[in-house]
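Note that the chains take the letters A, B, C and D in the order they are written out, and that residue 1 is the start of every chain.
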């Protein structure tokens, strides 16, 4: 299988109009991404997303320590890549914000980070089973999904020190996704719409793949060539990403009156 | 199994009152079909349906490139069977509209086409497992569900060229449903209510059948005779189809205030 | 296993205050049962319930041919035990109403009948796997769940003739539940609240039991003694049945404004 | 496996600000816990929670015999640890309230008890399969989850006598959770937010663990050291518990207008 999942640098995907130009636009997009992830059941009380500040590559935006479901503009903090809260506030940040800072520092070509715990990825993480692209919308997984298991002793499996943040970023390397054993996953992307799409389709791909694993049947996964082409022309193309973001935002607006 | 799933032409099912008589009626039915499929979770941001124009057999109606969940009358485009947008508009059509044109061209007795990616069919598509009718509402599957795996190299597994559209239509042949490996399925029907019913019950049949496959138990599938009779007298009879469409529309009205 | 599931007559469970005293009360209870079954996802567009007329033991109440989700007082028909519509109306009854008449005729001690197709029972019906009580709320299944597979040739697996209605009633015998191969199940009960509870907990019991079957593990099912006691003192006791009906009705009221 | 799940006393977790100081605060928290558990699908018509009276360690608060989904302040009864209703009322208490009294009597360091029947735990209870922590939010399960199977003969598997209440409390011992064979589970915690979190994450852990069991794959569970640290620094820390409770309460407020 290693021949299919080479460690070559992941191709750069052209940035779309979905990248906010100002801090204010970025903050609003972070609010919407939180609401989408809460509304779609990708995040519950736990887990978080971040977006690099378009006005300062050394800081990012993220909600304070509340559930994504409840995020508003007033809950967004500006945080530097070492995890220091830049916003003058007494609001409490997430304990694991260091994950976001460390990955954004290590991946200057990327701007958005997801950390979450949805159930579909856990069986893969504890059984050392590689996640592989099983459909065209899982194509972004084609370079493999490594599994992190190098937790700080006594840290309760949470990533809260600068050292462990750096280990996490190093382990993720040039991948878009890695799993954390018995914990969840981290995802990195060029922008928030792609990040949200990657979280949704990682869940869907893992769910379907596990059903196939349970059957014991041999399956035809996407080849690297198929996956690369599917990613460039399909999933992460500007048009489908706009359609997806529009769809998820429309569902937020239907379900959450304060977002209309 | 081939003896049970012969390739004889699929019987013509009498057309019901559900076929709109005018372009305006057809457009409204396309909007409702989109909303139903979004509301029932059969389509998400991706996937699409179409209906032949009752005033011009050489064109069909379909939404522009948005999620079915959001469709309104203003989003419906008229498109010819080669995929050219006939409506004078700058609105963007779906990249894969050629699937609809090619199938409607090859199947003059049919009027409605579905293309989608719901999870239940994927395991069958990648493990070469035949979908077979396991209940009376799965009876329309009795002539078999072939699996397409002849993608354009470099096309990202999307169907966007006239050539591949023709291959898709040829592969579907006289079937009502085929799967696309690692991608989803296409369905064709006489009218939109039957098409929506086929999508819903394909999902349900696949879901149940996979549970049986996981158990490793032998199952008694519908015989061809049972399936034919179930289809003629049951699932696709005028009365159940009206009841189903009424049900799905009632749920759309409950959940989507703008459709009341 | 036959030693555990003897064919002795099922005990008579004391009738509760939940039996309506008048036709008008019965009609309203039928409306509510329809809404509950639609709201809980036990019935979709298809399937139906009935309740014997408390003012005439030879007729029963049932909605016309619409989805249970949409039922109102104006949709309730009075039908005799041979399936003749007594109500002076042009409204269309269900094709399968003969199931209800035949079972109510054969079971004078019972007053309510359910016919539905929820997915959880299908795998048992096509693999000849006995459903057995796995929890206290599945206790009513303790005398076994036989599987009917004696369909009228050419009838499309639907039960629409007097003859097949009688075969169905005979096959059900003194059981509370039987399955129809590749189709669904019939349930009979003393009153509508018990009938609805039996439908919900049949689904739950089947769902859990299938998970155990998939694991290949040996399981400890309820013994006949446990099941009998659980049924008398627990599930079908007046207090839990009132609580369940109150719960399901409260959910209907929350979700369906016209029922408030 | 016994080496991993020693029977040493479970560590005392520091009490948080989540413990109400007055009876009135406690009553309101019991209402909210009921609504949360109903809204999250952890409890349906059956099952119940309780909280010790902060003004009298020998009584607890619990709703009368209604579904948690419907609980209001007016439904809360004060009950002593032997199950006698202290509130002057004709409202009917739950038959199984003795579970709550017996556990609160045996565990003076604890203040909240849950009894419920969600599907995810049943397969473990009937196949004698130990539930083990598979993620950091399942860490509170690290000392093992024993399975009770010592029902009163003829009691219908319900816990309604003082004697059986005491057996239940003794069987639970110093654990946080035990299962009841073919019935459900009991959970005990320092306060209601932790209790609700334990119920939600027991469900999630059991759901994921069963998927792994179905696969037949070896899995890496949390070590005792990991689990202890995850529990102290993570799941049951003040900050995540506040975030979880805020999240679940926000969802109640969105879905239940009378709770706004």
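Following the convention adopted for this analysis, a contact is a pair of C-beta atoms (placed from the backbone, for glycine too) under 8 Å apart; a residue touches a chain by one contact, two chains touch by 3 or more.
None of the values given here were measured: they were computed from a predicted structure.
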Graph distance between chain A and chain C, where chains that touch are linked: 2
Copies chain C and chain B - interface residue numbers shared by over half, same or different: different
Rotational angle, Cα trace of chain A fitted to chain D, multiple of 5°: 90
Of all other chains, the one whose Cα centre sits farthest from chain D: B
Gap in Å, rounded to a whole number, between the CA centres of chain D and chain C: 33
Distance from the mean Cα position of chain D to that of chain B, given in whole angstrom: 46
For chain C, residues contacting two or more additional chains: 214
Pairwise chain contacts, counting only pairs that touch as defined: A-B, A-D, B-C, C-D
For the chain B and chain A complex, residues of the former touching the latter: 44-46, 65-67, 69-70, 92, 95, 117, 119, 122-123, 126-129, 149, 151, 153-158, 181-184, 210, 213-214, 255-256
Footprint of chain A on chain D - complex, ascending: 133-137, 139, 204, 207-208, 211-212, 214-215, 217-222, 225-226, 229-234, 239-240, 243-244, 246-248, 250-251, 254
